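Same chain, two partners: chain A is paired with chain B first, then with chain C.
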Partner chain A sequence: MTRARFANSAMAARAFGIGSVVVALGVVELLIRAGLINRFIVPLPSEIAAAVPRIIAEENVLHRFWQTTQEILWASLMLAGIGIALGALLYRFRVLRLACETWVAAMAAAPIVLMYPLFLVIFGRSATTIVMMGFAAGLAPVILKTVEGLSGTRKVLIDVARSFRLNRSQQFWKVLLPAALPSVFVGLKLGLIFAMINIVGVEFLINFGGLGQLINELAERYDLPGTYGAICFVVAVSIVFFDLTERIERWLRPIQ
Partner chain B sequence: MLEVNRISKRFTTSDGVIPAVDDISFAIAAGEFVSIIGPSGCGKSTLFNIIGGLVGDYEGQVKVSGDIIHGTHPAIGMVFQEESTFPWRTVLDNVAFPLEISGLATSERLERAQHFVSMVGLEGFERRYPAELSGGMRQRVALARTLASEPRILLMDEPFAALDEQTRLLLGDRVLQIQQQLRQTTLLITHNLTEAVQLSDRVLVMTYRPGKLKREIDIDLPHPRDSEVVSSDAFGRYVAEIWHDLREEASRGIRDDENRVLRARSDR
Partner chain C sequence: MNQAHAAAATRSVTMVRTVIIVATLAAWEALALSGLLFRDVVPSLQAICSAVFRLLTAADFYFNLGVTAAEIGVALIIGGAGGLAVGILLGANRFLSRAYESLVYYLGPTPKIIFFPVMIMWFGVGSGSKIAMGAISCFFPIAISAASGIRQIDRVLIRVGLSFRASTWQMATKIYLPAMRGPLVNGMRLGLGVAIIGTLLAQTKLSNRGLGYLIIQAYSTFDMPRMYALIIVLFMLAVAANALIGRLARSRNS
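Here is the complex of A and B:
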């Protein structure tokens, strides 16, 4: 496929994606107006769109967007730094892996958000609590997928490294980690999803911080278009982080 | 240049102790191209890994220029049977890999890598990734990468096994050109008769399990040599001669496999 044709097909896919969302919103609008969906539960998409400038002006939503973004950014950096390091540790020491892997897998399935009172006691009602909750929730998949990626490195690549007399550290940085990157990024994306859900959820629960707190306040006021408008900003944060992660992955591994 | 003295290696499995190679000795002079040929399961790859230093705990000695070596050695470069290029690196960066490890400055290592990329005939593909190349091109990248480390001895373990016969013959030409240009001491492990005769100054035939040296055949075909040599009478005679020795061993291997399958079935 030529570059021009590929670019055209990518643009067509993007246009189709955006078109699908617009059509879906149009259908919801029609269903609400026809009375098939209760407008006291789901507001009209046109009302939500109209509420966005209002919450930007009145609810300081851009500042809250930045607060939530910062919290997610810190949690993501911790996930990448600590999660990958712990995964590498479990790969390197088999005994540690045998001892901990099942616990880590169990942690991935645990409803960590319910531990927020404990985190409140440890870190207080602060952004640190929110970041730590996000980090704790996203840690397990990063560790597990890092272990999986490192263990799945083809033996011949390690043999090449050994034949060139690389020491253990060089083997890790030059061969094992690059080979494991596709799996590591799957873990990071999963971790990011868990972290984002928990960060916005805890903001909502403890009524502190960015978009989660705003959603809580708007819901309390029964401002449904505003609530859904704020949720759109949460979706926007999610898109920003996913796009960023994909760009970093493509930069590190241009071709899988 | 390379001496292999009384090498034996046994593996312990659930079926008991299996001797993989048994009391193998040979020597390769500087600039010589030697092939080891044997049936599947004769321990060729084990021998390759022992000489390359990837497998330890064996009896006997491996010597390079008279010195006993343990483990991997900078004088020995290895090309593997499996596809072994780094998929996240371009052709040029793959070839520059050993130079990067040795700490060479970026500009110098890329310049030297370019030289080896050209040597294997991959000019114009420097910025491509392995996923964009054919199997034969990837093996040439792996060969160039090993050559870039400038080993005194080149070890190759069936590097063209996964390729079709025509590509294999043409890549054989390329390997011969490079070997003659660099006067590279080379040990090729193969199960392919034509490849062994086409490329080698000498062919060592191995027995089926336990792998021992059965016979040594000097290939007295003219140099410089290319794949045209396969149409000569002398080439055909060498292939027939080696096949005569190998046939019995290969048949033994097939019988052994069949018996193993039958035993496994009756145990079930």
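Here is the complex of A and C:
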């Protein structure tokens, strides 16, 4: 294989990427063992790898994972129900859309997660606070993408529905919503990612709930390999979640 | 005819906005006076307005605002420079892009605040760990935008630069950076938003200064009007900073 062909090979590039990360971890391990990096600040990568099965067994990680998943599920149900309904409302009443769309867009850019102390006061230190934070953080993209999808419905489809004398409700359920589904799912995907980030973040900040709390607890116990291992576990879960939403979105795309 | 129609539409939009704002404020005041929620959870509008006034006339607010602004600024410089360098490398080199871009792409949407315990161990409990949180947060959107921006550059511009035998530095400053300004500004806007969140969340978790600290201090002392005032002022500052970057980008483009 020539050098150019090697450089162009996607497989070789990925192998190089993974290999260089492994080599970097090996170098860090050597530097720590040589005493050049303080092991009370950065634990050995081999210790971190060994800590992952330990925290899975001892820290009830599966239960915590289920707790976080439940919070994400509740937030996503609320996002789908309320977010799509609000989007449909803005589409139905044009004046309302013109009046509110810029506000919703501003809400999407606002640092909503910083309101968590306020949510703590209103809902208490409970799962409700975490779910509501996730919901609030993910609401704006769901509304905006629902409006975008419904507005982008081809006029010929709406005309066909009218020629069949479908009433407003039938037009919405049989024509508008199916036509807008790809865009709605893009909004839901974005909303779910924002919700997941905020849910794990708030769990960590208020020391309550599932995976986010685990990191906080291990850090407070100064269990360094455990803390690093738990962070790696949460990052892996986030990546799997993100990848899953991407795959669902790709799977839904042919509908368009 | 069309102008009259547009004016009527603008009037009705303004009217709807006014109705929504007035109805929300009235509902808020009614809820505050009703006693349905615990006392002070929903303070009266007058109490919130007084708290905003007291906040904006207090010297300690400006000191903490300065601390937060400085931490976010330094975070944006470090994370932005790192993101820009990595983004240009990934965008310009297909092999590096295939090797590492998926790593950057998938690490981007992870909750960064979970790295805070590690940042405390590495950089201490002072400003260093907050700056690091802000820098990590803004690194990813800026790197992804820079990589996508460099791929969108018209090949003709690159060929012109090469035909003039421009050096690497000249190519970067005269061709790449001006041509990728649009995606880069968008990346900076996203980066600023997440840097604000990263820095302030870190301040709420462990700090003794900054706006995040003021918010969590108001929560700890149950000074609800002050907490609402802080959140309102903070949101306005975040929106203003975002709009400022957008306006700067537009004025440069025009």
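Keep in mind that, in the parts below, the second predicted complex is superposed on the first by the 175 of 256 C-alpha atoms of A that agree within 3 Å, B and C clash if a C-alpha of one lies under 4 Å from a C-alpha of the other, contacts with A are read in each partner's own complex, and residues count from 1 in each chain.
What we mean here is this: a contact is a pair of C-beta atoms (placed from the backbone, for glycine too) under 8 Å apart; a residue touches a chain by one contact, two chains touch by 3 or more.
Bear in mind the structure is a predicted one, so any value in this text is a computation, not a measurement.
Can A:V113 be said to touch chain B (first), chain C (second), both, or neither?
In the superposed model, A:V113 contacts chain C only, not chain B.
Quick one: is A:L31 in contact with chain B, with chain C, with both, or with neither? Answer first, second, both or neither.
neither
For A:L77, using the defined touch cut-off, is the partner it touches chain B, chain C, both, or neither? Pick first, second, both or neither.
In the superposition, A:L77 touches no partner, neither chain B nor chain C.
Give one of first, second, both or neither to describe whether A:A85 is in contact with chain B, with chain C, with both, or with none.
Neither partner.
Between chain C and chain B, which one touches more residues of chain A when both complexes sit on the common chain A?
Touched residues of chain A are more numerous for C.
Report for A:L166: first if it touches chain B alone, second if chain C alone, otherwise both or neither.
A:L166 contacts chain B only, not chain C.
Which holds for A:L244: it touches chain B only (first), chain C only (second), both, or neither?
In the superposed model, A:L244 contacts neither chain B nor chain C.
Jot down the residues of chain A that show up as touching in both complexes, chain B in one and chain C in the other.
none
Across the complex, what residues on chain C touch chain A?
Against chain A, chain C makes touches at 9, 12-13, 16-17, 20, 37, 41, 94-100, 102-103, 106-107, 109-111, 113-118, 120-122, 193, 196-197, 200-201, 204-205, 212, 215-216, 218-219, 222, 224, 227-228, 231, 234-235, 238-239, 242.
Which positions of chain A touch chain B when the two form their complex?
Result: residues 154, 156-157, 159-160, 162-166, 170, 174-175, 178-179, 181, 252-256 of chain A touch chain B.
Mind listing the chain B positions that touch chain A in their complex?
Listed in rising order, the residues of chain B that touch chain A are 52-54, 72, 74, 76-78, 80, 82-84, 86-88, 97-98, 100-101, 129, 131-132, 146, 149.
Help me check something: in the complex, which residues belonging to chain A touch chain C?
Interface residues on chain A, with respect to chain C: 7-8, 10, 13-14, 16-17, 20-21, 41-42, 95-96, 98-100, 106, 109-111, 113-118, 120-122, 193, 196-198, 200-201, 204-205, 212, 215-216, 219, 224, 227-228, 231, 234-235, 238-239, 242-243.
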